[in-house]
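One structure below.
In this document, chain identifiers A, B, C, D and E correspond to the written order of the chains, with residue numbering beginning at 1 in each.
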Amino acid sequence: MMSEESTIEATALTQLPSGRGFFKPHRLVLMAVAAAILFCAIWFMRWDWLPDYAGRLAHGVGVTLLMLVGTCLLGFLLAVPIGLVQVAGPWPLKLLAKGFCTVIRGTPLLLQLWLLYYGLGSLFPQFPAIRQSFLWPLLREAWPYGVAALTISFAAYEGEVMRGAFAGVPAGELEAARAYGMSRWKVFRRIWLPRAVHRALPTLNGETVLQLKSTPLVATITVIDVYAVVSKIRQVTYLTYEPLLLLALIYLCLTALLVLAFRYFENKIPTRSA
Amino acid sequence: MAADPASLIDWSLLAFDPPGWGAVLLAGLMNSIKIAIGGYSLGLVLGTGGAFGKLYGGPVTKDLLEVYTTVVRAVPELVLILLLYYAGTDLLNRLAAAAGYGTVDISGLAAGIFVIGVVQGAYATEVMRGAIRAVPPGQIEAARAFGMPPLLILWRVTFPAMLPHALPGLSNLWLIATKDTALLAVVGFSELTLVTRQAAGSTKAYMLFFCAAGALYLALTLVSNLVIRLIELRARRGWVSTR
Amino acid sequence: MPGIGGDAPMTERAEAIAVRNLHKRFGALEVLKGISLTAYEGDVIAIIGGSGSGKSTFLRCINMLEVPSEGSVAIRGEPIAMRGDGHGGLVPSDRRQVERLRSRLGMVFQSFNLWQHMTIIQNVIEAPMQVLGVPRAEAIARAEALLRRVGLFEKRDAYPAFLSGGQQQRAAIARALAIQPHAMLFDEPTSALDPELVGEVLGVIGDLAREKRTMLLVTHEMKFARNVANHIVFLAHGVIEEQGPPDQIFGAPQSERLKKFIRSSH
Amino acid sequence: AEPIKVGFAAEPYPPFASPDAAGKWEGWEVDFMKAACAQAKLDCVITPVAWDGIIPALTSKKIDMIVGSMSITPERLKTIDFSDKYYNTPTGVIGPKSEKFDATPAGLKGKTIGVQVATIHQDYANKYFGSAGATVKEYQTQDEANNDLAAGRLDAVQADAIALDAFLKSDQGKQCCELKGNVKDDPEVLGAGVGVGLRKGDTELKNKMNAAIKAIRADGTYDAFSKKYFDFDIYGG
Amino acid sequence: MPGIGGDAPMTERAEAIAVRNLHKRFGALEVLKGISLTAYEGDVIAIIGGSGSGKSTFLRCINMLEVPSEGSVAIRGEPIAMRGDGHGGLVPSDRRQVERLRSRLGMVFQSFNLWQHMTIIQNVIEAPMQVLGVPRAEAIARAEALLRRVGLFEKRDAYPAFLSGGQQQRAAIARALAIQPHAMLFDEPTSALDPELVGEVLGVIGDLAREKRTMLLVTHEMKFARNVANHIVFLAHGVIEEQGPPDQIFGAPQSERLKKFIRSSH
């Protein structure tokens, strides 16, 4: 039976096509075709707008990456306790964590985002206490809602992953740690957590790629990420394809970057091919 | 402006008859389900073809499929949906025009199914490929030794034997498909998310409608989970339980 | 008595399987280097030899699970049509002919290879119904008789995963018999079994041998080979190093290699 | 004949076009479209399209014309064609009652102003207010911009004066906001009124629509349905 | 010589581990039914017995990996403080004491249980640094000496997954030695190993025994137990059925059970 982890590996892009033995005769032909298409794309499509927007695009990429890294880190911090209580917590917490994961994983992120921004966000100003509070300048902005929604979503998906990872750490290794007199916290910090994270790395890789692909949704609540910049270009230039193709290319590169970064981390602790 | 909790929830907005929006939400849900089912089925077909192409196809087929699965899995669904929605239908129209059919009328439903299907196809390709590779080669060899022709082997042995391996991945994909329909809101297709937004915008009862839509999606997921469990139980007959 | 190479002995019996000058190469490695062997109806031929000597490959060439690089194979006098593949090898030129001939060769694998998603009886009726077009009722009646014969009647509706290795192998034998094969091909049918399960499978094969069913049998069980086969073929390094009746092969081996092999396999 | 697919922005834009709970579209623009199509003897069906992609939808033939309060601007004319204008209204700016400012670059300095994307208002706001130190925030729909103004996330919203008027009359708008004034006209940006968007080269449809607009103006139909919504002449000068 | 139950022999050596009247129940199943055993410094005690006789449970009770249901355990004369858990069982009353005492008992498991995310040297320095607070440089120096001793110096930076079973077990022994334990506890240290790897691990344990390190050793290797232990304890059905010096236990077993056990373990 395939585990949950391998399912995600199969569905998310976690590996790049390998370069070994890349140059085969048919590949040269394919590359020639690809080059021809690329040439046509450059020659026959309109790219004159590109220099005007280069700065804004770079800024958008920055926002996208910031959203990605920020929400992944925050989400992961939440995911650890969510995963842990499901493995070792008392039953009320276990139930709570389980319910949280089910609800968040069972509804579209877009909806959650709008619920937070348009729903919750429109309730806040009705309470003068909130309106007068020091938090108000923050709550007026759109990005906190985007960060919150993406973080919650990542935490829910990752909580499930971490649950599996925590449960999958061999009991013997934890027992060994206890047998050498480590306190419970030390066992968790030195053995259980790092070992679980290590186990979960390939899955985390996939989930992070999926998270990257979720970031453009924040554009629908007025956060200016790279997707929003490209939308804007489309609206101003009335070009249908060119900006979208550029956007696809940007995300391809970002994904490749992520996959390479994870490969670096995964290779730090080698595992025997399983 | 003081908040009056009681006035925050006006349940009559969810009534089935206008001016209640209940019927609209349900119609949106039906549209979402239709697209999810259509897109998922198309994805399965593409995925099956893709998996066999990747495993047994010629070098060019393999490379093209690799490009397909890599690109689709690396680019956000939202972007793909926009690209495919506009470019795909535009291309189809131009092809039809070139072939002398004039413009073909592509309904939003068909376009939505097409878009979700292409996206799902890439994922399904990978899931099925892994599942087919998990079928012990001896099973297929035995079928060949009994003189079964390739298509019969595919139908009678490879397909049912890979199913238990593919099911977890495929169920995941189904859940993704149901939720990806929400993205079609950005192209103005009136599925559940968009009608929710229209209802919320018209009535200003944002919380109520978003929660209602969330509940509908959640119900869809939970019912799906139930059905998936039944299917798995049936497909895994003959396998020694590992759980 | 089986015929050897070109000099087939006079016999009334028809040729069941005739292999002429069979070569098989995997890339640079030549696994079979010109093997000729004729099995007449009713022959029970045991093929023995060290690991890697090409026994499995030889058996698999007979029903084209491996395509020979050179040479010819004929089943019941019908040669399998082959043509060059343009790279110095061969390919079968008529897929349907191969499928038809395969459908009358009952192959039993070392690792059983029962279809895991079908019950035992479904496994047994699958090929008769799907390939030979036997009606369902008839296929079931025949399958039940066969299962009774191999002692698995009560297990007819069980799935393979729930059977012991020995039971699975007996089911695989019933499955192979269900197509009413011209000849049975066994590739080390007991070597994946725990020692205590080997006996039950050898028992079934022994019964088949006594019925004078045509059989080619790759095995490591020397005593068994000596008891059931009427002809032993010793393969070494891709050629038939020695062959003959069991008493001669085991009692008075000629070649050094065979002597060493027999000594080591005790 | 083939029905003509009329693209409407899927997002509600009251009082011009918004779907009701029964899924029926209503509003001034819907009435206008029906009258014009009846006049031109066209079989028209409403096809909701995301505003954001409404021009690509037209060029890729998913729809045949746009009736979406789309102003005729030089920039848009590069890509699509327009009929004659069918209404023209001033552009206004609204803001919370609690704050006092007026609709000038100086008054909006340092404020956050919301506009709908891909509208003339967006271009205008960027050109005059953005450059003068205001933050321009873009929304997919007018509705969301209004909502964020009510929610206190915006200091001002610039849009079609009529659309703003409708909002100010709503429960939500009544409570929070008021009109701060109309902006100074700039035809270069704000265009020459609202026309029916058409594919370039679709002259047959264009002629039909122009004729129909002229006819319903002449026979009083236009004024009749306009009265239901407005107490002034929306056609403009 | 180790002391038995209440009648400890006169000796100058200090008590390393003293277990009194130990009971352990898992639900209704009483696995240990009152075991008393004292190991003095330098004792090498081998615990033998059939599968399920409670050997592992006994060993695990000593460092509280299993909490005894009744009885007491003292390490180097310091009794582990226990109190009732309110359900008729016991719980350690001072977690810190347990941790402190554990940190001086070197346990070696059947399945090695090396931490897979750390290199060998990291495994060895982990407990000294994290639990005993040894400075890094000193921990490393000591670890390197230990690894050299068990013949794994060159593997210091390898991850456990890349080592053979025998190497992993030797690393686990080095890890246990690194805390400079008062006593070593071995739970069938070789039974998860392929036969050809057993020797290298037994060699290391034998060396430790000859150094007169206090050791409790659960093992199935009778010959080895006889050679290295100075005292043998035979456990059966949760009680000490028989104990004594190796020559007596293996040469002149008294009880029927022990006789049968020794006969069957050849």
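Criterion: a contact is a pair of C-beta atoms (placed from the backbone, for glycine too) under 8 Å apart; a residue touches a chain by one contact, two chains touch by 3 or more.
From a predicted model like this one, the values you see are computed outputs, not experimental measurements.
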item	value
Chain located farthest away, centre of chain E as origin (C-alpha)	D
Chain centre separation in whole Å, for chain D relative to chain C (CA means)	82
Between chain A and chain C, centroid-to-centroid distance (C-alpha), Å	55
Euclidean distance of C-alpha centroids - chain D vs chain E, Å	83
Euclidean distance of C-alpha centroids - chain A vs chain D, Å	37
Junction residues of chain C, two or more chains touched	none
Residue numbers of chain A (touch at least two other chains)	118, 122, 125, 220, 240
Junction residues of chain D - those touching two or more other chains	52, 56, 59-60, 144, 147
Interchain contacts (touch definition) - all pairs	A-B, A-D, A-E, B-C, B-D
Footprint of chain A on chain D - complex, ascending	52, 55-56, 59-60, 75-76, 78-80, 117-118, 137-140, 144, 147, 150-153
Chain C-facing residues of chain B, complex	136, 138-139, 141-149, 152, 156-157, 160-161, 163-164, 237-240
In the complex, chain A residues that touch chain E	170, 172-173, 175-183, 186, 190-191, 194-195, 198, 269-272
Residue ranges of chain E in contact with chain A within the complex	63, 65, 95, 98-105, 107, 109, 111-117, 126-127, 130-131, 159, 161-162, 175, 179
Of chain D, residues touching chain B in the complex	9-12, 14, 18-23, 48-53, 56-57, 59-62, 141, 143-144, 147, 171-172, 175-176
